[in-house]
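After this come two complexes, each holding subunit A, first together with subunit B and then together with subunit C.
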Partner chain A sequence: MDAVKTKKIGLVVLVVGLALVIPMFVTKPYYLHVITMCLLWAYLASSWNLFCGFAGQLSLGHGVFAATGAYVAVMLFNDYNLSPWIGMFIGAGAAVLLSILIGYPTFKLRGAYYALATVAIGSGAVVLIENTQTLGPFNMGGAEGLIIKLMGNAPAYFQFMTKQPYYYIALIMLIIIVIFAFWLKNSRLGYYLSALKEDPEAAAALGINVRNAKLVAAAYSAFFTAIGGVFYAMLIRYLEPHAIAGPLMSNEMVFLAVVGGTGTVLGPVLGGITLHAISEVIQFYFGHLAQGLHLFIYGLIVVFMIMFKPQGIIEILQKYYNRFLGISDRGEEDNDVKSTSGS
Partner chain B sequence: MMYKMESLSVIVNGISMGAIYGLIALGLTLIFGIMKIINFAHGALLMLSMMLSYWAWKFTGINPYLLIVIIAPLMFVVGYVTERFFIKPVLDAQKDVREPIAVLLLTAALAIVLENLSLMVFGGDYVMAKTTVTDATLVFGGVTLSAARFYALLIAVVVSGGFYLFLQYSELGRKLRSCGQDRNTASLMGINVPNTYAIAFGIGTALLAVAAITLLPFYYVHPTVGGVFMTKAFIVVVLGGLGSVPGALLGGIIIGLIESIGAQYMTATLTTVIVYAIFLLILFIKPSGLFGSRLEW
Partner chain C sequence: MSSPLLEVKELTINFGGLIAVNNLDMKVNTGEAIGLIGPNGAGKTSAFNLISGVYKPTHGQVTFNGENITGLPPYIINRKGIGRTFQVVKPFGSMTVLENVMVGGFVHTSKRSQAREIAMQVIEQVDLKRKINSLAKSLTLADRKRLEVAKALATQPKILLLDEVLAGLNPTEIEESVKMIKNINSSGISILMIEHVLQATMAICNHIVVLDYGKKIAEGTPQEVTSNPEVIKAYLGDDYEAVNN
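Coming up: the complex of A and B.
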């Protein structure tokens, strides 16, 4: 198995190495911005996947956590000059609290009812944010949104004049979440989650505290999503209630993860990068032909992926990956990338 | 006395808007009751019905209410075909999964496709079928009503009632309900379950077409109009009980009343938040809703 291990390490080094040198070749700020957004979406889809993919819950309201992180960090920065580097962890902490608050009553709901509750929470949050001008001493901006105070080139305040630093930060965030997801999947909690995904009653009968397992996983997911929200805010430098808390954000996370392959470590990463890149390319080259064309094609891709490749892009790549490693399709290494549980 | 009349017209307006919510929710509840699918494309299909009705009215100029006879069958076909070609394959693949979440996602993706297709074809403008009905009012014993809303109420009540009777007493209605109760047993009794599913989806979509036409004379149409109504329809359906026909109409009227009465005392947005809060409370306390079966959820 040593050859396999070498190949694996080689592949990881190759991918990370390529990712590290991309900014040296892509110098146009617009292109680098698009690539950074691809990484961010891969990161956000992975954050969603931590709970929803691994535990088989369909949350359509994850934008709430991104918004919590972003708004807390930005308000602390705008009004109290607190560096977003610190503020993002306070925002993430707030998102964790919120996830527990939401999780307690909602986790007893099953399947579709849980999804509906998250839709209502997401839509309610947008309305609430839109109608809150000030929260205590903080300015929330209401429906006009919140502009992030400009500091010039201030690395200590998460503001850079060029796009490169944002790219590298997004890359580091993505690497961290992949490592974390890999750890989570192979941890005790990860096994709990895949058990309760298959059958919650059976999992409970085996002595798993289903609600606690869900709460902890949801808290991790909310934490990472909130950090992603802060990054989004600092990159765009403008917070718009619909864009950060609304269905655009929430549904995008879900679709990217589903197209890539939910419940797997690398699926959401692949989905986030591929699908977002496709959508951007279509918008860039064909956007002038018809309004909404890129989203139309984007929707079609999601529809056909769900219909014909429900396990996601990762299912297609798995074969080539195995061939590359020189092991059979049903090899023991299967666990590495793809969940053996299937559904 | 004046005050009393005014509040009476607020109530009637609330009921009529609520009846439209109910009509929209009727299709949703039917599809859920029979197929156990939450249709996230419901709003987009409503938008499509409104768009088609608008353009049919624009070209022919006939009374929008008469368009029901064209648009409803057309939307039935759209729904039937959608079920056959998109939903059925995914549903079959997920046969053994207790909660077919993939289907839910599929309908959500279909909604994006439909919304952007109509943006491409019809453009993103806000349009409305301004007819003689649009600004007309009716006066009943001192209570002034918008004619379009009153007709909407009338149509909603008649269609919901008729639909209820159809489900209860017709042969097809019995087939539909039997598939909802237990599709395997229904299949053993010689019912063609896949076909019945497609018919259920078609009827649900046709009911949307009726709702679309009642909205046409007084509501602006644009590619994202469905979102507003879909969220309301979800709330209505959970309030009334997923799968319950009377629940849909009653739930719709309750939500319509909360909105119109609430609007008298607070901002419209605060009312929306209250509606969401009520929705969540019902989910947490009694997820089966007012009329839903205790066993369903």
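Coming up: the complex of A and C.
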């Protein structure tokens, strides 16, 4: 058992160590930007997964939370000079409130109806932002979008002249959400979510307040998604309503999480990094051949993954992971034998 | 005389024109095991759904431990001490047996270790230790039924509502399950069970209530109930009487 633990710790140290030194080898800003986006998408897919993966709810409107976080933080920064380091938590708070407002009526809906409601909310949000020039004292930019005020190299205001800091911030965010997801999965709420995902009626019969469990998980999810939205805004320095609130954002989170493996801690991380990397590569090689060709190829990859590996990339890797740790793939049966002979 | 643990008064529910449960009065005292029998469609499961909060009654009252719990949502009713199983078993398929039972164990604690401890105890009690790390969807029907009982038991109920936990089992499995239910009952948990396997019901229960078309048509000891002409008529039809006469 100890050897397994050592191997596990070794693997974590190796992966984190590698991630820490990447900027030393990747010096071209464009490449580092792409890698940073991979981490951000892994983070966003994980945020979506906290609620939607763990509780089996298909939200196609998570862009709303990314937009809430981003717009609140950016407006406070542009108009009131409030540092986005503080603004991001205010934005995240707003996203949490919004998640409760949305969740309260929609969590009664089941299956496709819930998904449809979230699509409607996402589309509504885009229209709303596009048609709002000002909100009270704040400039919202309407359909033109919102440009983030430039401060030069200002770490206190979440602005850097090089790509390295953004990379490390994205990495820290990703590490935090993985630890959080791991904790959540193994907490009481994690068990409740797994249970209600499979059968809400049976869950309620075991004393679980199904709606409250969903609301709390959705609030966590909205919080982390909003922080991701703020990071996105500060990295790109431009907020475009469609890109941050619309289906581009919302659907991407779902694709990445599904291809990686929903409901698992590391699935969305793997999906986010590999699938986003693939999409960048095919865009680089095929993007100029025909309009939209890279998107077509990307769509095919997603469809094939869902058809042939519905449990996601994580399922493929699990086998190699177990072999690496020296655990038999048929660990279940082995345990059965042990417990029977022991009793 | 102390008041009953669970008391149902004039309980009624209709779905459109159909009266599924009609004016049902019933009592379960602490430590008792009561059987609820009746032909298919008699309203037994509907009665369970009314007690456990899945349905809200059209009329009538459910009192538990001296408290009116009529119309409360299922999760609150469970927390007050009423555990139930489902006739069509509802395992959490992609979770292991231990994780399934831990979900129930978490109701009274937020500590993982404590929930695990409760689950381990219950799993031993229902004799599922040999399957503890198996996924619930890989279990046989007999084990799935045990898992249903284990999940409900882990919520530490004062009374357990068992909905046909013996249906579909072979004679050996029934014998084992009867033993298990008796053990649960003798550990101080009251039992209210719906069952078609009459011999088993009689082996467990000291009091039986018979429903037909939503109405209580008889109650009493197993011997009284089985010799009651109303009950025989309900189960076998009028023709049987005609032959008898």
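The rule is simple: the second predicted complex is superposed on the first by the 330 of 343 C-alpha atoms of A that agree within 3 Å, B and C clash if a C-alpha of one lies under 4 Å from a C-alpha of the other, contacts with A are read in each partner's own complex, and residues count from 1 in each chain.
Basically, contacts are C-beta pairs under 8 Å (C-beta built on N, C-alpha and C of every residue); 3 or more make two chains touch, one makes a residue touch a chain.
Predicted, not measured: the structure shown is a model, and the values here were computed from it.
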Could you say whether A:296 touches subunit B, subunit C, both of them, or neither, answering first, second, both or neither?
-> first
Who does A:124 touch here: subunit B (first), subunit C (second), both, or neither?
-> first
Which of subunit B and subunit C A:165 touches, first, second, both or neither | neither
If you stack the two complexes on chain A, which partner ends up touching A:251: first (subunit B), second (subunit C), both, or neither?
-> first
Which partner does A:187 contact after superposing on A: first (subunit B), second (subunit C), both, neither?
-> second
Using the superposition on chain A described above, determine whether A:208 touches subunit B (first), subunit C (second), both, or neither.
-> second
Of the two partner chains, subunit B (first) and subunit C (second), which one does A:110 touch, if any: first, second, both, or neither?
-> first
Is A:287 touching the first partner subunit B, the second partner subunit C, both, or neither of them?
-> neither
Superposition-derived comparison: subunit B or subunit C, residues of subunit A touched = B
Where on subunit A do subunit B and subunit C both make contact?
-> 343
Interfacial residue positions of subunit A with respect to subunit C in the complex | 186-188, 191-192, 194-195, 198-199, 201-210, 331-332, 335-336, 339-340, 343
Partner subunit B, residues of subunit A touching it in the complex | 56, 58, 60, 105-106, 109-113, 115-117, 119-121, 123-124, 127-128, 130-131, 247, 251, 254-255, 258, 290-293, 295-296, 298-300, 302-303, 306-307, 310, 343
The residues of subunit C that touch subunit A in their complex are 52, 54, 73-75, 78-79, 83-84, 86, 90, 92-95, 99-100, 102-104, 106-107, 109-110, 112, 115, 129-135, 151-152, 154-155
Write out the stretch or stretches of subunit B touching subunit A in their complex.
-> 32, 36, 38, 86, 89-90, 93-94, 97-99, 101-102, 104-106, 108-113, 115-117, 119-120, 123-124, 223, 227, 231, 234-235, 238, 267, 269-270, 272-273, 276-277, 279-280, 283-284, 287, 297
